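Structures are listed in the sections that come next.
What follows is a pair of complexes built around chain A, which joins chain B in one and chain C in the other.
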Partner chain A sequence: MAAHLSYGRVNLNILREAVRRELREFLDKCAGTKAIVWDEYLTGPFGLIAQYSLLKEHEVEKMFTLKSGRLPAADVKNIIFFVRPKLELMDIIAENVFSEDKLHSSRDFHILFVPRRSMLCEQRLKEQGVLGSFVNIEEYILDLIPFDGDLLSMEYESAFRECYLENDQTSLYHTAKGLMTLQALYGTIPQIYGKGECARHVANMMLRMKREFAGSQNQILPVFDTLLLLDRNIDLLTPLATQLTYEGLIDEIYGINNGYVKLPPEKFAQKKQGESSKDLPTDPKKLQLNSAEELYAEIRDKNFNAVGAALSKKAKIISAAFEERHNAKTVGEIKQFVSQLPHMQAARTSLANHTSVAELIKDITTSEAFFDNLTVQQEFMTGVDTDKVNTYIEDCIAQKDPLIKILRLVCMQSVCNNGLKQKVLDYYKREILQTYGFEHILTLNNLEKSGLLKLQTSSRNNYPTIRKTLKLWMEDANEQNPNDISYVYSGYAPLSIRLTQFLARPGWRSIEEVLKMLPGPLFEERQQLPAGLHKKRQQGENRITLVFFLGGVTYAEIAALRFLSQMEDGGMEYVIATTKLINGTTWIKSLMDKPKPKTP
Partner chain B sequence: YYIAASYREKRLETRLSQLQNAVDEFNRAKNDFSAKATEDEMRLLRLQRKLDDEKGLRLLGLSLQDTMETLLSSGLHKQADQIYRDFKVPDKRYWWLKLKSLAEKSEWEELEKF
Partner chain C sequence: MTRTDEEEYWNSSKFKAFTFDDDEDELSTLQESKRAVDSISGLVGGDEDEDQVEIVGWGGEPVDSIVWSVRETAASTNQRPERESTPQTNTGPSQKSRSQSVYSLSSLFRGDVIVLIFSESSALSDSTTGRLFAPELRKPKSEYKEEWVRRVNCVCVCFQVVSLEKFRSLQEKLLLLDYSVKANDGNVITAVLIFLKKTLSKEILFQELQSRQTALRHFINFLYETEESGLLLELLRSLGRTEDAALLQYKEHQSISDESRRRDFLKSCLRPVNPIGFLSHLLERQIIMERGGKVEIFQKVPRKSSILNMPLVTTVYYACVYHYNEAEGTLSSPHNLRQTFRISEKQFFVTALAARAKLKAWSDVDALFFSRNWLGPNRKKTTNSAPPKVLQDYVGLVDDAQLRLSLAHKHKCHDIVINTYRDLKDRQLLLGYRTKVEVGSEADSRISQLLDNPKYWKEGGAYL
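Here is the complex of A and B:
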């Protein structure tokens, strides 16, 4: 059912099974028929853990989304609220419970807090006078959700905002807890490296939690050799750039949510022959994206310019395989051919789907607007004219292009120039406020507070030094047969991944100067393993590093790490974990404030 | 935070007074840019109301650019020009807007005048 999770070096299915077991235990605690009321945000992540069929087996008969007012009618014994611990949700629950109480009396209410219960929320329920109505109030610890064989995410959307804007460390606590759960299943991770303020906090919390359990030694042979904790704010540049891998572009253009993407249906319509062309599907086409699909696993991390060739090669292989049937002479051969048919048909559907997706993307990437935007990004990244007002940005504002596009570019310029001159910064800000409305002053302030947009304070710009030392710009990036991670942005090598690469070889000592220029402390910790658990490594066996991005990671960065894992002489394989899978757009959005003006 | 609060206010007078509070705060924090921007917004809101009353438009709450656009498309060039001068809108952006609006309405004679 979740085969794609066990492909990698680390079997993440173990984690999935563990959380599924817990869910089942909770459901069985509430005897009888059940209805689940969902905090809408949770349905996506839960879909990755348990399908409806699992819930059904445990007598879940109805599911609703949490809404204020009355609950829809349902003839069930138990009503279970699956919610995040947020105060505003408690008020809605109270409202629901009140209106139910008037109608029936013989129901049991339960709350399951995800990922953790909160005193504040329970207090709120008490104030509302409904706390007593609940039979069970429990927490369901779901920190790290397996997304793929080498990818874990907490899907904690506001983590970056909370850490760098609001100084709220809740997400860091969840992170540390999540890492503890992981260590309980996969063994203590002997070495911890980190860079950044938040990374330091997480490591401290982990070490403290470990001391609290000092009595019980973890007897599992460690799977991970190293944990690398990286703050997003040491590399603000990478997410701002447009991702150029296949998966990255799908995310940039259509947005991937919990492993699914919704695409415009037109391109997929004509596939089914025989159907009348009148009833074209109007619902968006939903496609699941993970490595379980052989073809997708192959092309997801390629630079988009190499995807076309890969698809046509695949097409040839598949049609050749179908041609085989003419050569099948004996009954045995025919039988063998038939047995392969389902697999081949699946491959053909998958090929058709991805060809359509690639066509959709190509329409956009070949447009002039896309090209111009990319050119300006690459100019900034190579340090061309980053200290004056950019005419392309000016034109985009004058034409009222989407605000997020503007913000991405302006922030990028600011990051590449180590802040903008007062005059330039004020000019951009004024332009944005006058064009898009004064209310965005709140967003601009947020961007300044989190360091994405800043005033140049010293005349020295560190970025060129960082770029040169870490080789962030590669002139000769090979998109077809990459030999360096810079292929994921057609020239730009993500800073975060370069740091990871340097850590593996030759070590961070060689780039101390640059590390000092990046914000936040640098640290290294060791966790003692009980005797006898030291791993004896076989010849040629790669070491495994878990890289944790605090504040989000992009698909292009993931692609770059997968590329490093596959390098023959790398000696290192990577598993990736993050608070949230992001792209520049969703990231900036999470930092925006939008007050809605009331019309008088 | 006064700015967020100002958007919750329905009545213009209370909204303006919230913004004035914000200006004071910004001045105290020596945030010149924000103080100036907030003052501009107050000026714009007052102007929008005046024009709404006089010409029966619905400008209140629009951004400066949208205000000028609406004015131009209603043929109120003089008022738009006035805003362009008063709020120091960069020439380039304003001429773009003006060209677009004239072209949309196919007022080619007006275009000739440039």
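Here is the complex of A and C:
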């Protein structure tokens, strides 16, 4: 069912199977018919590991979304709440349980916390007087969710905020646990590299957990050669830039959630002859995006400028395949052709969809606003005028452009200038507060605390040195036939991926000076393997590195790593893991202050 | 869109950094794929049902997706039973069986926190810390290891707060806190903090947390989450974090709906943070404005909403609409606002201009341009149908020739277009422009006049 997860060098279906088994075991614990009440946020991630039919096989007859008030009627033995450990959800659950018809009280209640039980939540249920109503209170450890053949995410939305703003390292604890799970399934990873405070922390926890399990030796032949742990805050620049790969742009413009994107339906309408245009659909078009779709796997990591050509090439191939029918003379040949029809038809649908998506995106990328914004970003990234107030930003504020756009640009300027001068910072802050409202002082405060926005403390700006040493800016990036990762941002090579690239070759020793300029410690650890588990590598077999981004990773960075995996002389393949798939907008949003609801 | 329009649109990209490649024309490629798609659809026929296509194996499993099923759970008629794919391993059968039997995820980790604390707490037998557990000192070492395991077990696994009450002395409690911090599980730390909060006095708890930064941060987050702002405020103040305290209070004030109470609250709470001081002043002004203003203007331009709690720039805009000509001494006058809140020249200009242009108060707009020694309205693109004369004056002020041309084209300022082409010595463009003006109009005759006058086209500028 999820065959694409096993296409890569590491078969991530093993992980998926393991978590599915867990789910079945829990469901069987609640004997009899059941209804599941879903925390809506969880349906997305769960959709990646199981389908409704799996639940049905285990007597799940109804499913509802969690809402306050009465539970809908359902003639079942068990009601199971699938929820994140959030206090506000506990209040809703309490309401549900209270309003349950006492005459009809043969139903058993259960809670499944994802990914962890929470003291705080159970305390709240106790205060509300319903804790005793639950037969089972369990946790479902869903740390790392397989998204694709080479991609894992925890979908832990607030990880960056917690780590760098609130200094709460719980997400790192979950990360370490997720990595232990992974090692249990894929063998001990012999070598660990890392850069950054959080990376150090995760590595320490992993090593400690391993010591504690010293009794049970892991007997699995290691699949991964290396683990690279990277803090998001060693590279704050990359997510702020607009991604220019196909998948990156889809995410920037429409937002990809749990592998799905919702698109405006107009371009997808298939007009039949004589049909009037008023019958056009109004519901958003929903597309699933992953490597199970051949065409998408081919084009998603390309620079958007190379997508048109790729689509056209595909169109020719498909047309030619359909033309084959003229050559089918014998019954056997016709049969053969017909047997391929479904596949060809699917390919056609896929082509039609992505042609429409490309058109939608092109409308935006060719707009003046998009171009102006990109120009300023590229000026900052190349170090032009980063030390003074930028007139474009000023104008955008005057025109009341979306606040997040402004914050992305100001933060980018700050990062590329190693902090802003007092005068410049104060000016931006005042303009933003005056125009967008004073309440955003809390958001600005958050951005400062997490280092995205800061005051220049030393007179030396070290960004130019970093840029030059790591070759972060490449003139004449080749978008059609890339020869360097910088194609993913049409010139800018993501810092995080350059570090990964340098680690593989020629090694970090060659860039020690720059690594010192980036925050947090640098480290290397080895994990002993039991005798007999040392990998005997075939001639020409690539090594595998798991790169874990603590605090989020963008699709463009993933594209860059896939590009490195495919390089013929690279000798290294990458599997990517992260706390959350992000883009500049969702990232900044996660750091913004959440307004309190008004009370009369 | 006509076909040529579309061609032009796709090809007219002027972008350098991110441009569609010139050799492989994007439009034609996209259209090509479109055509191909269309031709095939004619051939196959009856293929509108995409779900059916996806079932064939390309687009995943949408029909069966949980997200959708939640809503359609009752109508579960067309659910296919899911085929259970057996896990495939690359590394031989021995691994496969092991990964299934031994490594059940939940059995892997449960209780490891205990193990941690257990191993760390072996230090308890040292003479230095051993005295903390005086009542148990007589027991053999192994026994109070067990005791620790049992206690901590209660904390970490059963989540029973009550059993924590065995930790009676301050030292014991603090030790418990330190161990929980070492475990790194926020959940456990919170459990211990709740216990300490219940059993220790505020003063002692605050004091002890000061030297335990991780626990302190968790405690602050815990108080934020549970909205115990009173205690949190006390804590922040005792730590000397006045700015954080002020911001917290500021956040609190957002939930006060009565405006005067809100103003008073702001006055009292924001004193420590200087830059925020202005907020209560702003609200004060807004309260004055909310009540004042001449009726006629409100009739002419009805308000969309109340001005209370709006941002400063919005307030200035509002003042420019409803209180523009009030004396500078009046608290609701825009000029007074500008001075009190030190609004930048540019910000004020753009805001005032937008407001006066909306009211079509062209004399004010004029005054803004000329009296303020402004260089040109090159930022302002909306003009709200100003009279041609005024518009022409403004467009003429734009420095950049290209921008000026495009604005002039847009607003049909013929003279400006004509003069610009003349200055550029571009006879061809001028000829072309003649087709766009009315035949026999003033502009038409000016063009003829210019074209006939050789003095403008001398220095190699003529292309004919």
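Going forward, the second predicted complex is superposed on the first by the 583 of 600 C-alpha atoms of A that agree within 3 Å, B and C clash if a C-alpha of one lies under 4 Å from a C-alpha of the other, contacts with A are read in each partner's own complex, and residues count from 1 in each chain.
The rule is short, and it goes like this: a residue touches a chain if its C-beta (ideal position, glycine included) is under 8 Å from a C-beta of that chain, and two chains touch if they have at least 3 such contacts.
Since this is a predicted model, take the numbers as computed values, not measurements.
After superposition onto chain A, the modelled positions of chain B and chain C overlap sterically.
Once the two complexes are overlaid on the shared chain, A:E266 sits clear of chain B and of chain C alike. When chain A is checked against chain B and against chain C, the one touching more of its residues turns out to be C.
Once the two complexes are laid over each other on the shared chain, residue contacts for A:S53 go to chain C alone; chain B is not touched. In the superposition on chain A, A:Q169 makes contact with chain C only, while chain B stays out of contact range. When both complexes are overlaid on chain A, the residue A:K62 reaches chain C alone and has no touch with chain B. Contact with both chain B and chain C is seen for A:N445 once the two complexes are overlaid on the shared chain. Once the two complexes are laid over each other on the shared chain, residue contacts for A:E293 go to chain C alone; chain B is not touched.
When the shared chain is aligned, no partner comes close enough to touch A:D28: not chain B, not chain C. Chain B runs into chain C after superposition on chain A, and of the options 26-34, 224-232, 242-250 or 440-448 the stretch responsible is 242-250.
Touched by chain B in one complex and by chain C in the other are residues 394, 398, 431, 433-439, 441-442, 445, 593, 595-600 of chain A. Against chain A, the residues of chain C that register as touching in their complex are 10, 13, 15, 17-21, 24, 26-30, 32-37, 39-41, 43-44, 47-48, 50, 53-54, 56-62, 64-67, 69-71, 73-74, 76, 79-83, 85-92, 94-95, 98-100, 102-106, 108-109, 112, 115-116, 119, 159, 161, 183-188, 190-191, 194, 213-214, 217-218, 221-222, 225-226, 247, 250-252, 254-255, 257, 276, 279, 282, 310-314, 341, 343-344, 346-347, 350, 379.
Of all residues in chain B, those touching chain A in their complex are 1, 3-4, 7-12, 33-34, 37-38, 40-41, 44, 60-66, 87, 89-90, 92-93, 96-97. In the complex of the two chains, the chain A residues touching chain B come out as 394, 397-400, 426, 429-431, 433-439, 441-442, 445, 593, 595-600.
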